[in-house]
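Dropping the structures in below, format is C-alpha cells.
Both of the next two complexes hold chain A, though its partner changes from chain B to chain C.
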Partner chain A sequence: MSFSPYTDNGGTCVAIAGPDYVLIAGDTRMSDGYNILHRDIPKLSQFNENIVMGTAGMHADMIGLRKELGIRQQEYEYQARTKMGVAAFAQLLATTLYNRRFFPFYTFNILAGVDTKDNTCAIYTYDAVGCVLKAPYAASGAGESLVLPVLDAELKARDPVTAEEAKRVLTAAFRAADEREISTGDTLMIWTMRPGQEIVKETMPLRRD
Partner chain B sequence: MVRYKGIRRVTAYDNGVCLGFSGDHADFQSIDDELTNMIRQDQCVDDGVTMGAKSIYGFLAAWMYQQRNEMKPLSVSLVVAGKDDKGEPFLGTVDQLGTHYEAPFVATGFGNDLALPVLRKEWTPNMSELDAIRLVEDCLRVCYQRDCKASNSIVMAKSTVDGVQVGVEYKLQNINWQ
Partner chain C sequence: MATEAMAGVPSKFRKTGTTIVGVLFEGGVALCSDTRATAGNIVVDKNCLKQHYIADNVWCLGAGTAADTEAVTMQISHELRLLQFETGRVVPVTAAITAMKRHLWKYQGHVSAALICGGVDSTGAHLSSVWPHGSTDSLPFLTMGSGCLAALSVLERGWRRGLTKEEGVSLGIEAVKAGIFNDMGSGSNVDVVIIDGEGTERRRNTVKPGTESRGADVL
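And now, the complex of A and B:
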C-alpha cells in the first residue's frame, strides 16, 4: 500500500445569493472515514468584509489554500490601496487552483461576497482544479447531492427570495444533508453578507450522530 | 513479533512542551532532533521570548504539510501538549498529511477508535490531575485489551505551570480479561 497524499475530511458548504444579500454556510464536522476527528472546525474563512470562502474536502489542503490566498489578497490590498472585491478574488482562486493542476488541492470551494465595482452580491463555485462558475446558489462537499435538489426545487426559475426565506431554504437543505450523510453534522455556521455592512455570523446545532 | 521493547512514545523539551507520537520511529527521531536544536537555538537567542507549545505545533503542522506536498511524508501522528503563549493549557495533534487541530483531548492510531469514545464520555473541563491520569490509564487499558500490538507498559508526560516532566515507566494493573 503506497502513500496517498489525499484524504477526505468530509462536510458540506452551501451558498445562496439574492439581489442585496448573500448567505454562505458550512457545517463544522471534520471526519476521517468512520471516525469523527473534531466537531468544531469552521469551513468558512473570511478574507475581508467583501469575501468569504467555504471549503469542503481535505482539511490540510484547506488550510494550505487559505494561507496562499490570504498572502496574495493582502499583497493586492497593499499595492492597490483598496479592499479586494469578490470578482478579483474569484479569478485569484481559479488560477491558484489551476496552478496545481497536476497535484491538486483536494478542496471543493464556494466563494461568496460583494463585488466592489457595482455593489452586487455574488457566488462562485469551483471544482478541485479551478473550473469556476458564477451561480445564484451552490453546494459543495459530501452533502452536495443531497442539498442541491432542495435548492433547485425552491429557488430555480423563480423570483428572487428574501434573505429570511433564503435562510429557511438553506437550513432545510442542511437538515436534509445532516440526516442522511455521515460526514455532515454537529454545528451549522451561517454567515450573511450585505454590501457595506458587517458580516452577520450565526450558528445552529445540527445532528451529532 | 515485538522487535523493540521499551520504546517510549513521549518526550519533553526544556521549554515546557511535551511531544507524543504514533508511527515511524525513525521519522520521530528526526523530528525530535530538529525540535531539540530549534528550542536550544531559541533559548540561546535569549531575547526573553521562547517558543511555547502552540508555536511548536504550528511549526510541526507547516513542516508535515510541506513534506506531504513533496511526497516525502514524515510517517507519524504527533501530539503536542503544553502551554500557549498566554499560559493557557494547549493540546494539538498533527498527522502525516498535515491535518492539524486543537482539542481538549486527542488520540492517535488505534486510540481514535478505542480511546476517543471513553474520553468523550468521561472528560470534563475541570478534571483534577489525578482524575485525568486515571482517565488516560483507562483509555490505555482499553487499547491494551483490544489492540493486539499494544503492551501494558506505559509512560506519561505531564506539563503544568511548574514545568514539564516525563514520568517513570510502569505497568497497567487490573486488566480484566473476562
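And now, the complex of A and C:
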C-alpha cells in the first residue's frame, strides 16, 4: 500500500456580499467516505473582526493552513503596527497557497471581509493552489455545483439585495446541498459581518442522515 | 461469453448505498430498509422503494446496483410464479433463494445484487441473505448494504429468541435508523414489510428519521 497524503472530508461553504454586509456560511459535518467523523466541526476561521475564511476539502490541511496564516498575520501586524486588512490577507492567502504549488494544501477557500478603509465588503474565492477571484458571491466544496446555480438564478443581474434577502437565498441554496449532497449536513453556521460592527454568529439545523 | 466482455467494466450506475435489515420473530419475519438512492455523492431519490415482490408470501430487499436488484428480483418472481402454476402450491422460500443464488453465481459477481430474502411457507418463517457472487447465509437477523455495520451493532445488542411481531419490527427499524444516521450512503425514511402466518403487511415510510432531523428554516 502506497502513502496517500490526502483525504476529502467533504462539506460546503457559501458566501454572499452586499454593499454594507457580507455573509459567510458553512456546514459542520466532517466525513471520510461514507463515515461521519464529527457532526460539529466549524469550517469558518476568524482572523480578526474583519476577516473570516471558509474552508472545504481536507480538514488537516485546513488546520495547517489556518496556523500558517495566523503566524504570518501576527508577523505583519507587529511589523506594520496595524491590523491586517482583507485585501492584504487575500494576497497572503494566495501566496501561501501558491508556495505549496507542487504539494498543495487540499483546501478550497472562500475569504469574506470588511475593508475598513472604505467600509466595503468583499469576497475572494480560491482554488487549491492560490488562483484568486474577487466575486459578489461564491461557493466551495462538495456542494459547490448544487449551490452556485441557485445563487446565479437568485442574485445574478439583480440590484444589490438586503442582508435579510441574502440570508434567505443563502439558506435556500444551502438547503439544496443539504438535501442532495451526502457529505453536507448536521448544522449550518452563518456569520454576518458589517462595517464597524461585531460579527453576528447564527446556526440552523440541517439533516443528520 | 457475455461475462468476459463485462470483465473490467466499472459499474458506475445508480447504486443504492443502503441499509437493509431482516429480523426473524416468533412466527414471522420483518424486512426493513432505508429509502435513499445515490449516484456517487449525489442523492438521486430521497424516497425510493427497496422492497421487491417475489411472491405473496416471499419478499426481498435489495442493495447494490439498482438495475441489478430490480432485474434479478423481477426475474425470480416470474420464475416462482411459473413454479406455483406447475405445482399448485404456495412456493417455498428456499425455492426463491436457490433461484437467486444460481442466477448470481452464473454471473460470477458481475450482477451486483446483495439481497435479503424473507418469507413464510409450510415449513415456517425463513430469512436469508444472498451475496453478489451467489453465496447465501440463513440467520435469525441479517443486514446488508453500506450501513450494515451500524445496523448489525443494533441487531447484535437487541435480538433474542422469541421476539413478538412488534418487537421484531421495532428492532429492525432501530437498526435501519442506525444506518440512516451513521452511514452517509443511507438516509431519509424507513419502509417495512412484515410476513407472518396471517399474511403480508407493508408499512411504507413508517418513520421518517432523516427527513425529520432536518430543522425548520429559522433564519
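Going forward, the second predicted complex is superposed on the first by the 208 of 209 C-alpha atoms of A that agree within 3 Å, B and C clash if a C-alpha of one lies under 4 Å from a C-alpha of the other, contacts with A are read in each partner's own complex, and residues count from 1 in each chain.
Please note the rule applied: a contact is a pair of C-beta atoms (placed from the backbone, for glycine too) under 8 Å apart; a residue touches a chain by one contact, two chains touch by 3 or more.
In this text, all values refer to a predicted model and were calculated from it rather than measured experimentally.
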| item | value |
| --- | --- |
| Touching partner for A:H59 - first (chain B), second (chain C), both, neither | first |
| First (chain B), second (chain C), both or neither touched by A:E144 | neither |
| Touched partner set for A:I190, first chain B, second chain C, both or neither | second |
| Partner chain(s) touched by A:N9 [first = chain B, second = chain C, both, neither] | first |
| Chain B versus chain C as contact partner of A:M204, first or second or both or neither | second |
| Which superposed partner A:D27 touches (first chain B, second chain C, both, neither) | neither |
| First, second, both or neither for A:D178, with chain B first and chain C second | second |
| First, second, both or neither for A:H38, with chain B first and chain C second | first |
| Chain A: partner with more touched residues, chain B or chain C | C |
| Touching both chain B and chain C, residues of chain A | 35 |
| Interface residues, chain A side, partner chain C - complex | 10, 31, 33-36, 142, 167-168, 171-172, 175, 178-183, 190, 202, 204-209 |
| In the complex with chain A, residue positions of chain C that touch it | 17, 36, 38, 41-43, 46, 146, 180-188, 209-211, 213-219 |
| In the complex, chain B residues that touch chain A | 61, 65, 68-69, 71, 73, 75, 97-101, 103, 112-113, 116 |
| Touch list for chain A against partner chain B, complex | 3, 5-7, 9, 30, 32, 35, 37-38, 41, 58-60, 63-64, 103 |
